[in-house]
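What follows is chain A paired twice: with chain B in the first complex and chain C in the second.
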Partner chain A sequence: MSYYFAILGTNDAPVYELEIGTYRQSGNGVPHLPNELQELEQFILNSSLDILQDNQFKDTGLFSKNLDSFYGYKILSYLTQGNGKFLIMTDLKNHDESIRQFFIEIHELYVRNLLNPFYEINQPIRSADFDTRVRALAKRYL
Partner chain B sequence: MSKQLKQLGDDIWKNQVEKINSELFTLTYGSVVAQLCKDLDNNYDQVNNELYKMGYNIGVRLIDEFLQKTQLSRCTNMHETAEVVSKIGFKIFLNITPTVSHWTADNKSFGLILVENPLADFVELPNTEARKKLWYSNVLCGVLKGCLEMVQLDCDVSFLQDSLKGDENTEIRVKLNKILKDEIPAGEE
Partner chain C sequence: MATSNWSILDTKYAKQVNSLIAPDFTGVSSLIARQAILKGYCPKVSVHSSPTADHVARNYGFSNFLSFLRFFEYDLADSDFCLPSDKGEPNRIVIKFVDSLEHIIETQDANKGSFQGQSAPEKPAGRFPELYGEHILTNTVSRHMDRVNNEIEKTSFYTNARSFLWNAKDLESECSEVQNSKVQDSKVQDSKVQDSKVQDSKLQDSKVQVEQMEGSIYLSMLSKATSSNTLVPFEFINHPVVNLVVITADITIRDLQAVYSDQKRKYLDLHARFPWLDTSCMMTLFLILVDTDAVEQFQALSGLQDYCVSVLGEDSIGCTFSFEKASNSDAGLPLEKIHADSLDFAAAAKLRPDSMLSVEIAKKVAKPIHSAVDTIVYKKMVPFLRRKIQKWHEEYVVPRKSLTGRLLGAGRLWGSNSSHRSFFSFGYGKEKSESSESGAGDADTTLYNAQQGYYPSASPFVFLRRLGDWYFMMRDYKNAYTVYEMLKKQYLADRAYGYLSSLQEFMIVSLLLGASCKVNPLEKATDGKRVSGITAKIVSDVIAPFLDSSFYSYLSRCSLKTYTIRLTLVTAELFLVLGQSVAYCHERLFSRYALSSEACFIESQKLFKRLIDSKLVDNVCTGVLMQRLSYIYYCNDKPGVSGSEEDNQLQRKSYYTEFNPEKLTFPPTSHFGASRSRKSILWMLLCAKTLDPVINRTQVTLVLWYIENELRQTFHLGPESTVAWPYRKGSLFVALKASLE
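So, the complex of A and B:
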């Protein structure tokens, strides 16, 4: 039961990624993604971007809980108003609401990070502080 | 006395000061620093100097606005100066009141501890070199230096610690070198 979480910048370049296991169902946060899937995860998320862009100007909400799926893994997305994308691929079912909460909190972190004058837009987020905060949120919601 | 100063600072802040959105202010200053770092190829010592100079130029002008708004008279000792700087100076221009502390025995040097620093909201220093060398808010030192110099106090002003660097507090150190005499400019009788 694992998650693969990625933030893509406004030009669809990856900005941040994280593999994390669930803390529910007595999980301990260690991801268990099969090897063959780990090699593909970036491709899977990127291929779902087409659907995201198709829906971008049709849907009013930011959050989409059934964006795409790939052999039992489903992909959820959150599109910020500034065209930043948060994507999660997971094999967990029925966690949509907590993932939505997670995205909302991540959105706040993401904005704070953008406001840092030393951060340039669409550059990888290397801040250790950001990483710890994301992991803490994952522990709370995922 | 210190109660009165606080009251005066509050009054001026409320009634006489033009205010701007704090995020606009923070982000503007942030862009300035980030751009300086870029222009000077991340030579952080030079960035510090540049910020200090900018501050100095602000300070020598700002003191006039300060005196015009406050109508204060001359301070009698450094303790009074420190109180005025903290309770009125910082209050009316930044709406913060740093704590005055760490007096040396000769009463010539004190620390200003900034509990919050409006310049540094959202900021995270980019790398370890910046963490070691860059004094992000160094403009404040320059401002203090400029202001104090214009009222005949020749001081050394510098940051001692900065919470951006992982230090416990943000502290500006002010040290009085000498009191300048009112002198007639060269060439005039």
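So, the complex of A and C:
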């Protein structure tokens, strides 16, 4: 039961990525994604952007709980107003609401990060503080 | 390399299609693939040649006369545009020459071990033979791929693709130079421009060749999956409709009589062994070869033809040409190149001892044979099929469909002793009484034999199935579907699962082929009647349940793996055909309830994924299927829509682009989000992994080149680009690239 989370910039390239296991069902937060999936995860999320782009001007909601799927792993997305994308790939079922909450909290973190005068848009987020906060949110919601 | 080596890809129809839908590296247009499907389901003509006729073929370098004739199938395929005429019937039709019936049965018996379904022997339904041997599909595709790889490695495109992949030379910029050569004209000297133009055009030609060869790999798989000579009781697509007896005019009347009676005797033996095999429905036709160098044979011809008609009661045609090849070539006569179907390389290699796929023979020899083949098809076979279809339609369909027939059938049903019959099998009582009256014996001659798993050849349900299949072969899909529908309940009541699966498969194919044949993207849009097409309701109520049921029945009840592959592959491809036809035709041609091109593509994708996940095919075929899946994603936004004026105005007036270009650019809404190029990249990557860089180095190199090229186009990658995620260590893309170095 694992998650692969990525924040994509406006150019669709990842600026932040995290692989994390669930803390529910007596999980310890260690990811257990199979090797076959690990070597493909960026390409899988990249391919789901096709669907996201298709829905972008059709759906009014920011959160999509059934964006795409790939061999039992479902992809959920959150599209910010500035065209940033948060994507999660997971094999966990029925956790859509908690993932939505997670995205909302991440959105706030992301906006704060954008307000940082030393951060340039679409550049990788290397802030240790940001990473710690994301992990804390993951522990709380995922 | 001459592209003519790839038969279906080089027909006039294919050229027309390619001019409209350019082939891509991921695959060729589905309209060409439809030709391969139609060829698989074409009428079969069994060839029985006398030793003297085989000797004539050997003079021309062929192993027997069947091999000689098979080289003339190409001409039929070349003229078949699969378009219906005004009457709704095809203008041209393609046929396939096959071995004689007894030889097919012998081969089937010899290969029983590999042909037989793998279910438990006590299950009668599991005794049906497979379409082809266990590893035949893989071997065919692998051999074709090896041949394609050898050809590709010789091309300049491949050399450039390899160097591009390892950044030695930028092929993308080279290709863009071709398109932007006008811009470059002002920058470089004239002589250099000329040189680079020549090189670029060569590179482009080479690229087109490689694309076509890549497409032929999938076509070879599709051809193999659909074409087979295996005879099974539950479908008549592979049963020959014409028995062509080839003799030379120097044969005596007594020998002719002997040949004929010998064949009849063999057929009786076959019928005794296989009660489901009905040879009486075949048309026997004599092809009498006359040597132009022997004048006395001209006189013999008319005598033989008279004997055939008056005594044997069979039709005959004459074919006059020189039996000696040497005399033609010495005379320096104009030659004609004839081709074999190279997509089925294994079969084509058997045609000639030297495995040549195209040969040159004198035009004055080729012409009479072309003419004889045309006569066989259009003057003999097609009228024969039409006569039989009409007869059976009146005998078996009309009584079931008319109100009087239904009422009488129901009355007879209640009056008869057969209490176990379904109420809905109207007309059943009539057939039973007919068979009893004719002295055909007891009910066993018409009833389903559950022990052996077949209906005897005298059964009306066999005639109906044959009628449906013949309608299908004549491309009258509407009537074929109607006939198939009449049989469904009976097969279900008898629990004849092999029959039922095949029936449902052909019902699906009839629906899809019928719908796709009504729309032709090659013709200009006219304001005619709207085409209803396939609706979402038909898909959910008919196609999807039939597909699920047949898939399960073929695989679990009958253990017929190759039939399951054929069912899924053909249905998936036909959805793609429909989707591409809809995409390239004007929307006013379709009813508003018809399935959109995108919905067709989604159905097709689902089925390709299903076939891949079912593990019915090995890695090489799975790789080819993944490449096809990638092509479907590639087709999603084709043909491209140019940005409308409204879009352009919005783009110009956008507040965001004016004041904050980094934040948001207003996309062209008319085609924004239509592309599935990123999905296409993902499946190509999976294809590269499945094909294995160690085993299929050339293919994997090309696939990786495609991915690299697409990534660069999507992300505008360049030296100053900061996007690095595809090139990370641990990524599959990088690992595959490393394994090629």
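Assume the second predicted complex is superposed on the first by the 142 of 142 C-alpha atoms of A that agree within 3 Å, B and C clash if a C-alpha of one lies under 4 Å from a C-alpha of the other, contacts with A are read in each partner's own complex, and residues count from 1 in each chain.
Everything that follows uses one rule, which is that a residue touches a chain if its C-beta (ideal position, glycine included) is under 8 Å from a C-beta of that chain, and two chains touch if they have at least 3 such contacts.
In this text the structure is predicted, and so the values were computed from the model without any measurement.
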Inset, instruction - With everything superposed onto chain A, say whether chain B and chain C fit together or clash. - result: fit
Inset, instruction - Quick one: classify A:47 as touching chain B (first), chain C (second), both or neither. - result: second
Inset, instruction - Check whether A:57 is in contact with chain B, with chain C, with both or with neither, and answer first, second, both or neither. - result: second
Legend entry - Greater chain A contact set [chain C / chain B]: C
Inset, instruction - Could you tell me if A:38 is touching chain B, chain C, both of them or neither one (first, second, both, neither)? - result: second
Inset, instruction - Check the residue A:98 against both partner chains and state whether it touches chain B (first), chain C (second), both, or neither. - result: neither
Legend entry - First, second, both or neither for A:80, with chain B first and chain C second: neither
Inset, instruction - Check the residue A:112 against both partner chains and state whether it touches chain B (first), chain C (second), both, or neither. - result: first
Legend entry - Angular separation of chain B and chain C about chain A, which is computed from CA centres of the superposed model and rounded to the nearest 10 °: 150
Inset, instruction - Look at A:12 in the shared chain and tell me whether it touches chain B only, chain C only, both, or neither; answer first, second, both or neither. - result: second
Legend entry - Shortest span in Å between Cα atoms of chain B and of chain C, once chain A is used as the common reference: 15
Inset, instruction - Using the superposition described at the top, list the residues of chain A that contact chain B and also contact chain C. - result: none
Legend entry - Complex contacts: residues of chain B adjacent to chain A: 23, 27, 30-31, 33-34, 37, 121-126, 130
Legend entry - chain A - residues contacting chain B, complex: 112, 115-119, 127, 129
Legend entry - Sites on chain A touched by chain C in the complex: 10-14, 38-40, 42-44, 46-47, 49-50, 53-57, 82-83, 121-123
Legend entry - Footprint of chain A on chain C - complex, ascending: 633, 662-664, 669, 672-679, 681-682, 685-686, 715, 722-723, 725-726, 728, 730-733, 735
